[in-house]
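In the two assemblies presented below, subunit A is common to both, partnered first by subunit B and then by subunit C.
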Partner chain A sequence: MTATATKPAPPARHARGRQRPRQTREMWVLMLPALVPVVLFSVGPLLYGIGLAFTDAEAGRNHETSFVGLENFADLLGDGDFWSSMRIGLIWSVTVTVLQFLASLGLALLLNQKLFLRGLARVLAVVPWAMPPVVIGLMWRLVYHPDAGIVNSTLGTDINWLADFSWALPAIIVMGIWSGMPQTTVVLLAGLQNVPRELYEAGAMDGAGTWRKFWSITLPQLRPIIVTITSLDFVWNVNQFSLVYVLTQGGPGGQTRLPMLFAYEEAFRYGFFGYAAALGVSIVIVVLGLLGVYLWRQLREAS
Partner chain B sequence: MRIKSALAAAAVVALAAGCGGSGGDSGSSGTPNEPVKLDFLSLAWQKESVAANKALVEEWNKANPNIQVTYVQGSWDNVNDQLVTSFEGGDAPDVIHDDSPALSGFASKGYLLDLTGKVPAELKADIPQAAWDTVTFDDGKGNQGVYGVPFLQESQVIIANKKLLDAAKVRIPTAGEPWTWDEFAEVSKKLTKGDTFGVAWPMKSPVNKTLNLALNFGGTFFQTGADGKTTVKVGAEEKEVLQRIHDQLYKDKTADTSALGMGTADPLPGFFADKYAMLPVGVYLRQQVAEQAPDGFEWVTLPPLKGTTTEQGAVSQTLSVAADSKHPEEAMKFMAFFLNGPNQAKLAKGDWLLPTSQKAAADPAITTEENGWDVATASAKSLVVAPFLKVNGFDEWKSKVATPVLQEFFANKITLDEAAKRLVEEGNEVLERYQR
Partner chain C sequence: MKKIPQYVALLAYMVFLAFPLVWLLSTALKTPQEMASLDPTWIPRSPTLANFSDAFSEQDLVGAGLRSLVVALASSALTVAVALPASYALARYQGALKRVALGWVLVSQVFPFILIIIPLFMVLRQLDLVNTLPGLVVVHVTFTLPFALWMLQGYVRSVPRELEEAASVDGATRLRAIVSVVAPLLAPGVVATLLFSFISSWNEFLFALVVLKDPDVMTLPLTLVRFTGPEGVSRLGPLAAASLMATIPSLIFFAIIQRRLRSGLMAGAVKG
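Up next, the complex of A and B:
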C-alpha cells in the first residue's frame, strides 16, 4: 500500500539488507566449528546441571526423578555441613589467593632483577606448573608424612599434619600457595617487564627511593594485571579439587572439605545428584557475587 | 585452541560413530562360536593376592575358550565412586569385587543382580549362612535378595611382640580362653615401661573398627523401630568399648596418643622398634608384619578379646554381578569357579584374610601355626553380621558424623556423652534422608 511512496528508497535498503544476512551467515558458518563443541560440551552440560538443581535426581534404578523447585536450595541453607564447607572454602580461597599473590609478587620482583643465572631461576620458578595436580598432591603427602616427612624432620616436631584437626587446613593452604605460584609469578613478571623504564628514571630524578618507586610506579602500573590475576586465582582456588582430594580427601573429619569436594561427595559417593547440582549452582552464585563486588570496587577506584 | 577443540570434537564424533557401527554389527551377528567376553573388576592390592587373582583368571580362560574373562584392576580407595558413575553410565564391569557395606547401597539402587536361586548348590552349601547374611539386602522395594557371593572376611586380632610378652610374664591367651578386656587393660599396664607403650590404637579410620569391636559388649549402634525406621543408638553397651579405649589413652596412659592419627599399617615401624608392644588390628596386617619384621623379631597373633562375648561384626569381600551384565549366567559360572574351596584358600592366603568357604578353612595352608594362621582362622567363628550392614545411609553417617566425632572423642576433645549425643542427633538427621 505504500509502494509508490517508498519506491525510491528500497534499492539501497534492499542491497544493504541482502548483504548483511550473507555476512551474518558467513560469520556463523565460520564460527560453527568452534561453536559446536562449546555448545555440546560446555553450554549443554551447564544448562543440564542448572536444571538438575531443581530436581530430586538421585543415583539408582528405582528412583523417579521429579521437579522439586527450590527444595534443594532450602535444604542447603539448613545444612550445617554446607555452611562449614563454604566457610572452609572461603578461608582457603581467600588465604591462598592473597598469600599466593604476595609471594608471587616478591618472586616476580626478584626475578626481574639482574640476577646471576636469571634464566635458570625463571625456568625453575615455573616447574610446579608443569606437574599434574595428582603428582603435587602425592609429593606433598610425603612432605607432610608424620615419620618420614621433611617438615617434621626440619622443624623437629612430631605432628601428623594432615590428620590433625587444627593443622590440616593450614597445611593444605601452604601447598595451595606453592602450587599456584608459577602462573601468578609469570603473569606478574610479564607485567613488570612492561612498566616503562622512563618512569623509574623520572622517579629517580625526583629523588624517590626504592619503596617510593614501588608504591608510586610499580604498583599502579601493575594494577590491571593484579586485578586480573587475583580474580582468576580466586576462581581457580574456589574450584580447586584434585590437589585436596589427593592430599586429604576432605578429612580429618571434614576439616578440609572444600565446596567442590562436598559437591563431589554428594554426587558420586552418596548419589544425590540433584542436591550436588544445587550446591554447584550456589558456588557459582557465591563466586560471581564476591568477584562482582571485588571487580566493581577495583574498577571504581581505577576510574 | 578453538581449532584444536573442534578437531577433537570431530574426532570424538567420528570415533563414536565408528564404535556405534561396529558395536551394532557384533551384537546382531553374535554367532554361537564367538566367545562371551566378561570384565572382572578386582580390588586385590597385595602383591601375592594380585598374583593369585591373575593366575585364577588365566586358568579359567584356558579351560573355557567360550567365556573369556578380562582382569581389570581397581582400587579400594575410589571403587565406589567409580562404580556409581559406571552403573549410571551403563558400562559397569560384569563381575565386581567389592565389600558388603557397599553392596547394601548398590542393591537398594537396583544396580546389582539378585543372585537368589542362581548360586550353584555346591557353592551355596560350602559357605555358611552367617556369611550369606552379610550379602542379603533389601532391593529398595521391600524384597530381600542376595547381591553377592561373600568370600573373604576380616576379624580383629592382636598382634604382639613375643619378647615383651614373655618379659612381662603375662598369660598367653588361647582361642578357648581369650583375654577379657579387663585382662587386656592389665596386660597393657604391665607392658608399658620406659619408652614402650602397651598398645597403639591406629584410629585414622575409627568407625568400622570400633563398631565391630563394640559387639563384644552387645553394642549395635543402630536400632530399627516398630515403624521400620532405623535410628542411631548409643547406650551403655555401645559406650563400653569406647570408654575402655579412651581409658587406655588418657587414664592408664598405656596407649600412645600420637598413634591415633595413624592408618592401620603406620604403627609398624614403632612396633618393630619396641615402641608398641601390641597392635589391635585386622588379621590381614600379619602379611606386612611377616614381610617387614627385622631379623630375629618374634611376634604372635593373639585371639580376639572377650567382652560379654567374643562376637565381632563381620563384613565380607564379595563378588557380584552387575544388573546390566549381558551374560549373567556366564558370570555366575566364572564366580563359582573362582570361589570354590581350593581357589578361596589361594585367595585367602594371598590376602591374609579368612575364607568363607568351609572347605578352604580346612586347608592345611591356612591352619598352620606359622604366621598365626591357626589363631586367625579360628577367630572366624567369632564373626557375626555387623548390624550396620543393613543400615541405608551408613556410609554417609560414617564419613560425615561418626568419623569426625570418634576422632574428636579419641583425641580427648569431647566427652563420651557429647560424642554419644552427636552420633545420635546428627546421625539421625543423615539417616532421615534415606528413609523418605
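Up next, the complex of A and C:
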C-alpha cells in the first residue's frame, strides 16, 4: 500500500521485484535458528522413531539393529497384552472424553450465568490445570487410599480402589475427568461468550423456551469449538501417561495399563525399542483413523 | 427462587472440584498418629505443620527443587530464544514454509511421546547426556517448542503491521523497527510464553523419568514419586505437604495469567 501509493508506478514494480527475494532471504535468516533445533530434535527424532518401528532395535549398547519389515506389527497383532492395552486405552479415552465434555459443558453453562459464587467457582474450575500431573496423581492416591482415604470413609465401603480388578479403571477415569475439566470448561465458556446475543433475543421473540434455545442456538453455535476441543481431549487422553503411572503404574494385573504405559514398559523396562516404536505407530494410525471418521461425520452433518 | 436448581448444580460441581484439594490439605496437616487411626476425618484433630519440615528431612526436596528450577529456567529461556525469531517470520511472511511449520505444530500434538523419546534417548546416550540436566533441558526444549512457536506468532500478529510501516516511513531499518516498535509491544507475550515454558518444564514427569535415573540428579516430580514406598500410611503426611509445596510455582503462574485464560489465550489458540 505505501510503496505503490507514494512512488510512481514503474519504480514501484521494480522495487517490489527486488523486495521479494530479500524478504525470502530475511525469512530464512530468521527461520533457520528455530528450524535447525526443531528439525534436529523434533522432526528428526519423530521420523527416526517411525523408522525404528520397522527394526529390531533394543536398549543394549552392543545390539546390532537390523531392518525387519513388518515383523513388529505382526508380533503386536498376536500379543494378548497389546490387545488388552488397546481395549483399556479406548475405554479410558472415549469415556473420559465424553464425560469430561458433558461435565464441562454443564459447568460452562452455569458459569456463563449471573450466579452468586461464580467467581469462586471459576477459580476452582481452573485449579486442576495449575497442578503438576504428578501432584494430581499423588493427591488422588490419598483420596482413594484404603485406610487413610476419604472415599472409603465417606461411602462406608472397604474397597482398595486402585488394587481392585473391577474398580481400578473407573477410579482412574474419575481422576481423568477431574484433571481435564478445566481446559474443556474454559474453552467452552469462551465459546459461549461469543454466541451473538441477538440470536437469543430473536429466539425469545419467537417464543423459544430454555431447552429450545439450547438445542437450536447454543449447540449449533458452539459446534466448531465442541469438535475442536473433544478431538484435542481425545488425543490428549490417548497419550496420557503421567497421571495413571503415578496412580496405579498400570496395575492391578494390567487393568489400567493404557497404551502409553505399555509402550513405556516395553521400551524402558524390557528395552524393546523397535517393538515400542511399532506400538507408537499403531496408536497414531488408530487415533488418526478414529479422528478422521469423527471429523468427517461432523463435517458432513454441518453442511 | 427460579435459580435454585442451578445453585444446587453449581454447588455439586464445586464439591467435586474442591474435595480432592481439601483432602490433600487436610492430610498435609495431620499427625502420624491421626493418619494411623482407622476413621479419617476432614478436619485434622490436632493440626500440625510438622509434615512440612519432615518432608524436607526425608527427601532432598531443596536439591530437587533447585534442579527443577535450573532445568525450567534454562529450557524456558532457550525455548523463547529459539522461537522468537521464527515466530516473527511465521507471523509476518506468507509462503509454503509457513504452512509447513504451522502444520507441524498441529501434527506434533497427535504423535505419542514414545515415538519421540526413544530416538531422543538414543541420541542423548550417544552424546553421554543421559542422567544429566543438560540432557533433560534439550528434551524439554524440543517438547515445548511447537506450542511456544504457536503462542508467540499469535502475539506477533496482534502487533499492527502499520506501526512497523510507520517506523520505516520515518527512516528506520527493519531491524530498528523490530527492536524499537515490535519488541516493547511483544514483551507481555514473551513473558507469557516464558512462563508457559517454565511451568511445562517444572511439571514435566515422563521425560525426566526416562532421562534421569540417578537420585542425585532427579527433578522435583521424580523425587515426589519416590516418596511412596512399600511402607504404610505414616509418610503420607510429608508426601502431601511436599506435593502442596511443589504446586506453588504453578499456582502463582495461573494467578498471573488467570484473566487472560478465560477469553484470550485458549480461545485464540482454538480459533487460530
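Keep in mind that, in the parts below, the second predicted complex is superposed on the first by the 276 of 303 C-alpha atoms of A that agree within 3 Å, B and C clash if a C-alpha of one lies under 4 Å from a C-alpha of the other, contacts with A are read in each partner's own complex, and residues count from 1 in each chain.
Definition applied: a residue touches a chain if its C-beta (ideal position, glycine included) is under 8 Å from a C-beta of that chain, and two chains touch if they have at least 3 such contacts.
This is a predicted model, so every value here is computed, not measured.
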Partner chain(s) touched by A:Leu102 [first = subunit B, second = subunit C, both, neither]: neither
Subunit A: partner with more touched residues, subunit B or subunit C: C
Contacts of A:Gly251 with subunit B and subunit C, given as first, second, both or neither: first
Partner chain in contact with A:Val287 - subunit B first, subunit C second, else both or neither: second
Which of subunit B and subunit C A:Leu70 touches, first, second, both or neither: neither
First, second, both or neither for A:Leu299, with subunit B first and subunit C second: neither
Touching partner for A:Ala204 - first (subunit B), second (subunit C), both, neither: neither
Contacts of A:Phe268 with subunit B and subunit C, given as first, second, both or neither: both
Touched partner set for A:Asp147, first subunit B, second subunit C, both or neither: both
Which of subunit B and subunit C A:Glu26 touches, first, second, both or neither: second
Where subunit A meets both subunit C and subunit B, residue numbers: 33-34, 37-38, 41, 61, 147, 268
Residues of subunit A that touch subunit B when the two form their complex: 33-34, 36-38, 40-41, 59-63, 81, 146-147, 158, 160, 163-165, 251-254, 265, 268-272
Touch list for subunit C against partner subunit A, complex: 3, 6-7, 9-10, 13-14, 16-21, 23-24, 27, 35, 38-42, 82-83, 85-90, 93, 95, 97, 101, 104, 108-120, 122-123, 125, 138-139, 141-142, 145-146, 149, 165, 169, 174, 202-203, 205-206, 209-210, 221, 224-225, 227-228, 232-233, 236, 239-240, 243-244, 246-247, 250-251, 253-254, 258, 261-263, 266-267, 270
Complex contact set, residues of subunit A against subunit C: 2, 23-24, 26-27, 30-31, 33-35, 37-38, 41-46, 48-50, 52, 57, 61, 103, 106-107, 110, 113, 115-118, 120-135, 138-143, 145, 147-150, 153, 178, 181, 183, 186-187, 189-191, 193-194, 225, 228-229, 232, 235, 238-239, 241-242, 245-246, 259-260, 263-264, 267-268, 273, 276-277, 279-281, 283-284, 287-288, 291
Subunit B to subunit A touching residues, read off their complex: 2-3, 5-6, 8-10, 80-81, 84-85, 87-88, 105, 108-111, 139-141, 204, 258, 261-262, 266, 269, 323, 395-396, 399-400, 403-405, 407-408, 411, 413, 433
